[in-house]
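Provided herewith is a single structure, encoded as structure tokens, for subsequent inquiry.
We just call them A, B and C in the order they show up, numbering each chain from 1.
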Amino acid sequence: MSYLLSYIVAKLGGELVGPDITIERLAPLDAAGPGALTFLANPKYRKQLDGTAASAVIVSPDMAEAAAGRSLIVARDPYLYFAQVATLFHPTPVAVPGIHPRAVVGEDSRVGGSSEVREGVSIGRNTVIGERCRLLPGVVVGDDVVLGDDVVLHPNVTIYAGCRIGSRVTVHAGTVIGSDGFGLAWAKDHWFKIPQTGVVVIGDDVEIGANTTIDRGAMADTVIANGVKIDNLVQIAHNVHIGEHTAIAGCVGIAGSTHIGAYCTVGGAAMFVGHIEIADRTHIGGGTLVSKSIRKPDNYASSYPLSTMKDWLSNAVHLRHLDDYVERLKKIEREVGALRNSEEDKE
Amino acid sequence: MSYLLSYIVAKLGGELVGPDITIERLAPLDAAGPGALTFLANPKYRKQLDGTAASAVIVSPDMAEAAAGRSLIVARDPYLYFAQVATLFHPTPVAVPGIHPRAVVGEDSRVGGSSEVREGVSIGRNTVIGERCRLLPGVVVGDDVVLGDDVVLHPNVTIYAGCRIGSRVTVHAGTVIGSDGFGLAWAKDHWFKIPQTGVVVIGDDVEIGANTTIDRGAMADTVIANGVKIDNLVQIAHNVHIGEHTAIAGCVGIAGSTHIGAYCTVGGAAMFVGHIEIADRTHIGGGTLVSKSIRKPDNYASSYPLSTMKDWLSNAVHLRHLDDYVERLKKIEREVGALRNSEEDKE
Amino acid sequence: MSYLLSYIVAKLGGELVGPDITIERLAPLDAAGPGALTFLANPKYRKQLDGTAASAVIVSPDMAEAAAGRSLIVARDPYLYFAQVATLFHPTPVAVPGIHPRAVVGEDSRVGGSSEVREGVSIGRNTVIGERCRLLPGVVVGDDVVLGDDVVLHPNVTIYAGCRIGSRVTVHAGTVIGSDGFGLAWAKDHWFKIPQTGVVVIGDDVEIGANTTIDRGAMADTVIANGVKIDNLVQIAHNVHIGEHTAIAGCVGIAGSTHIGAYCTVGGAAMFVGHIEIADRTHIGGGTLVSKSIRKPDNYASSYPLSTMKDWLSNAVHLRHLDDYVERLKKIEREVGALRNSEEDKE
């Protein structure tokens, strides 16, 4: 697969500067050789530009001069442009229509004729699968599920009964959607399970990583809005809502009934307690414990700074006595105030 | 499915106040309409009581007066009562007896005649499955496993060889029970694997969430006692013991050989180091790093409080110098003491 | 299975002291009975030595005298020696050659004649599986994958297309290798997916726990070097490199493009931000947030110390004002300095 730069520009926009050559592959700035197209998005890598053997570079308008001397595509957002070119070079696999004889499709279920259902797939009863979907080996879809069009379920994904999934949704291997929420009531001497009677509703254009878990709601539903992107090993508890186009990195946990707004970003391993609300366009740093609602969009963090074990041992121990130290600081302020006053009285 | 209030009260106890009407569904206080039964457990939602369109409400005795004017069920614990009603409306699916022709059952294994073994299930040799169990598609059970009665294994669950599981146990999709513990001995220039020769023993009435992992013991066993409830994406390492009726929320990690007592609760994303003991009835807050044994039952926490990134940047930096500040505070206390003494000497 | 002590010593080295007896099983010091071989590695368990009913004990040379009176194997590293004996007693299961009729092998794929491919396994096209491999039920291997010899893939493991795995690699159940990295570019009003065109390359002698996820690279590859050991529920993002013989405990997350050196150890639930480098032989404590590169090998930590909730509430609140307190401490130091000077002036 190879493309002329002029073909790429005709397809994706941007301005071609320099000779119109054929591009055979894509590569990062520091590893690109002849025939490769690369990009410069971050000015801090500008030095690598001189050394690159790439045949062509995607640059922003303000970098065009510095990059002169080879073929360039000048584009407002070189990183996004590069991603778009990568999609030309690496198109998504398309469904090979048909239901494998070793798949099982339950009664009253419908699978779109252009969809691909591979060996070892199990589809329950009364389930609807749209067109051009790909259900890869080992996928299990329960009863009464609705899948839109162009949905890709990677191997060993499980979708529990009743869940509704939009179109152009990709779910990576091992992810579980619709398992019971962790709802318990204490009954004198044991936990009584609260039936989890809601489902999971997922919008369009959502991508979910591998081995992630999204629990069904209790009574009401767990809701993942359009355009949300979720990474691997993320836990989303019952009745959580995630707003449109929010992106959630790996190892994040979101406890029950928490609502996260639209256009948020959540760093890896951040944790949210339950029953809180996070404003639209909030950004949470990696490892943050979000312990209360956030009304004001901003960047948030909470973590003890990295230290050598030796430094940590000598410093962190004081955290257990911080209240005492603060009291002592206040006392000494009062005393010094008194001493200063008596000093001034004497003058 | 619908029930008269009088039927519910006859079945579950509590007192019916007001007209005996038919209930068609359950709903939360703020979303309940005509025909719905709801509940008020938390006094802080009392205001919502006036606005609800629910036909009937479960309330505690002290709320009965405030709630008057509609049908009520007065019960000591409205939340638990509601959970019990929900179980009436949403009974657990029962096993459809039979072994699907596309399941594989190994030599010398026995499956109870009333149990359901679905397509794509693999059962090893010399394994015993009790009565009324449900093994859903993609479940893999190894050799020499024992499962009690009324066990539900959701899709793609893996149980390794030799594990023993009690009755009325539910395991959600993708969970792995009995994988090798992380046991390594350093052998000059590489890690030598320590054979993990114990198993996982799980009691009765245990529920385990999705994509959780419970490792087999090394020599001795990993033990999950009766009535324990474990959420999604929890990691339980080799030789851990979890005491009866302890509840563990999502994303928790428990390192090897740690023993957690009975009737504990563990908040989401809490982490336990290995080889420690946690007293019965201890409660661990979300995100806590439990770095040593806890002998005294109480509520425990450890986390840096949530801050804006700006505040975090200006405050957290001082943690690396806390020991220095404390020393300076002590020094200034001594100096002020000396100044005050010399002041008093002069008076 | 039982062995004479003299057989064990002939096989594994060490010195036999006392009668040459037959060993029937292995047990920990505090649970060993007659016929059992145990070991004493940590001097703090020395007291248990007197009480043990074990027939024989593996001890280090400096413990040999204290342990006298029963059969001993004296070895430099009793823990490692015990692990080696355990491997004698519990040999790894060997492959039962053959492809189960309910496995699917794609076109142009080759499976070594001595390898075992169980029911419900799906192998894609143009994939190569070496000799003596074991692919257990529910394993899914994509197209163009290469597996070396003696690879064990436990149930429900997924290997995406194009990944390359060395020899003597074990992957525990539910783990996903080669899922798409979390690569997104913001495109005005939505996230644009960056094609993840690299693969995962895993060396020899690697063991990976259960329900772990390792993403494929974007352009370049994600690389796990020889001898690396990874526990359960670990997330390894795209383009990460893990150096030789590094061991990573459960629940760890490593963000994109981070390079971890060789011979490192990473405690449970530690988290690494992206694009950083960690020096060889660095040791990271459990729960540490590694927020920047580490150039100097040492032990590192970052965590708020465990507290009762009451103490935490009174102490942690001050963290939000630490900068203010430090300023006030500096001010008071200046004032006391001034007071002391004026005091000295008067004297």
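As a convention for this text, contacts are C-beta pairs under 8 Å (C-beta built on N, C-alpha and C of every residue); 3 or more make two chains touch, one makes a residue touch a chain.
Values in this document were obtained by computation on a predicted structure and should not be read as measured data.
Enquirer: Suppose a student superposes the Cα atoms of chain B on chain C; what rotation angle should they report, nearest 5 degrees?
Expert: That rotation is 120 degrees, given to the nearest 5.
Enquirer: Could you check if the interface between copies chain A and chain C is built from the same residues on both sides, meaning over half shared, or from different ones?
Expert: different
Enquirer: Mind checking the centre-to-centre distance between chain A and chain C? Centres are C-alpha means, answer in whole Å.
Expert: It comes to 25 Å between the two C-alpha centres.
Enquirer: Where in chain A do residues touch two or more other chains at once?
Expert: Only 102, 120, 138, 156, 174, 211, 233, 251, 303-305, 307, 316, 319, 325, 329, 332, 336, 339 qualify.
Enquirer: Could you pull out which chain A residues touch chain C in their complex?
Expert: 26-28, 31, 77, 79-80, 82-84, 86-87, 89-90, 102, 118-120, 136-138, 154-156, 170, 172-174, 205, 207, 209-211, 227, 229, 231-233, 245, 247, 249-251, 267-269, 286-287, 303-310, 312-313, 316-317, 319-323, 325-326, 329, 332-333, 336, 339-340, 343
Enquirer: Going by the contact rule set out above, which residues of chain C touch chain A in the complex?
Expert: Against chain A, the touching part of chain C is residues 102, 104, 120, 122, 138, 140, 156, 158, 160, 174-176, 179-180, 182-187, 189-195, 197, 211-213, 215, 219-220, 233, 235, 237, 251, 253, 255, 271, 273, 285, 288-292, 298-305, 307, 311, 314-316, 318-319, 325, 328-329, 332, 335-336, 339, 342.
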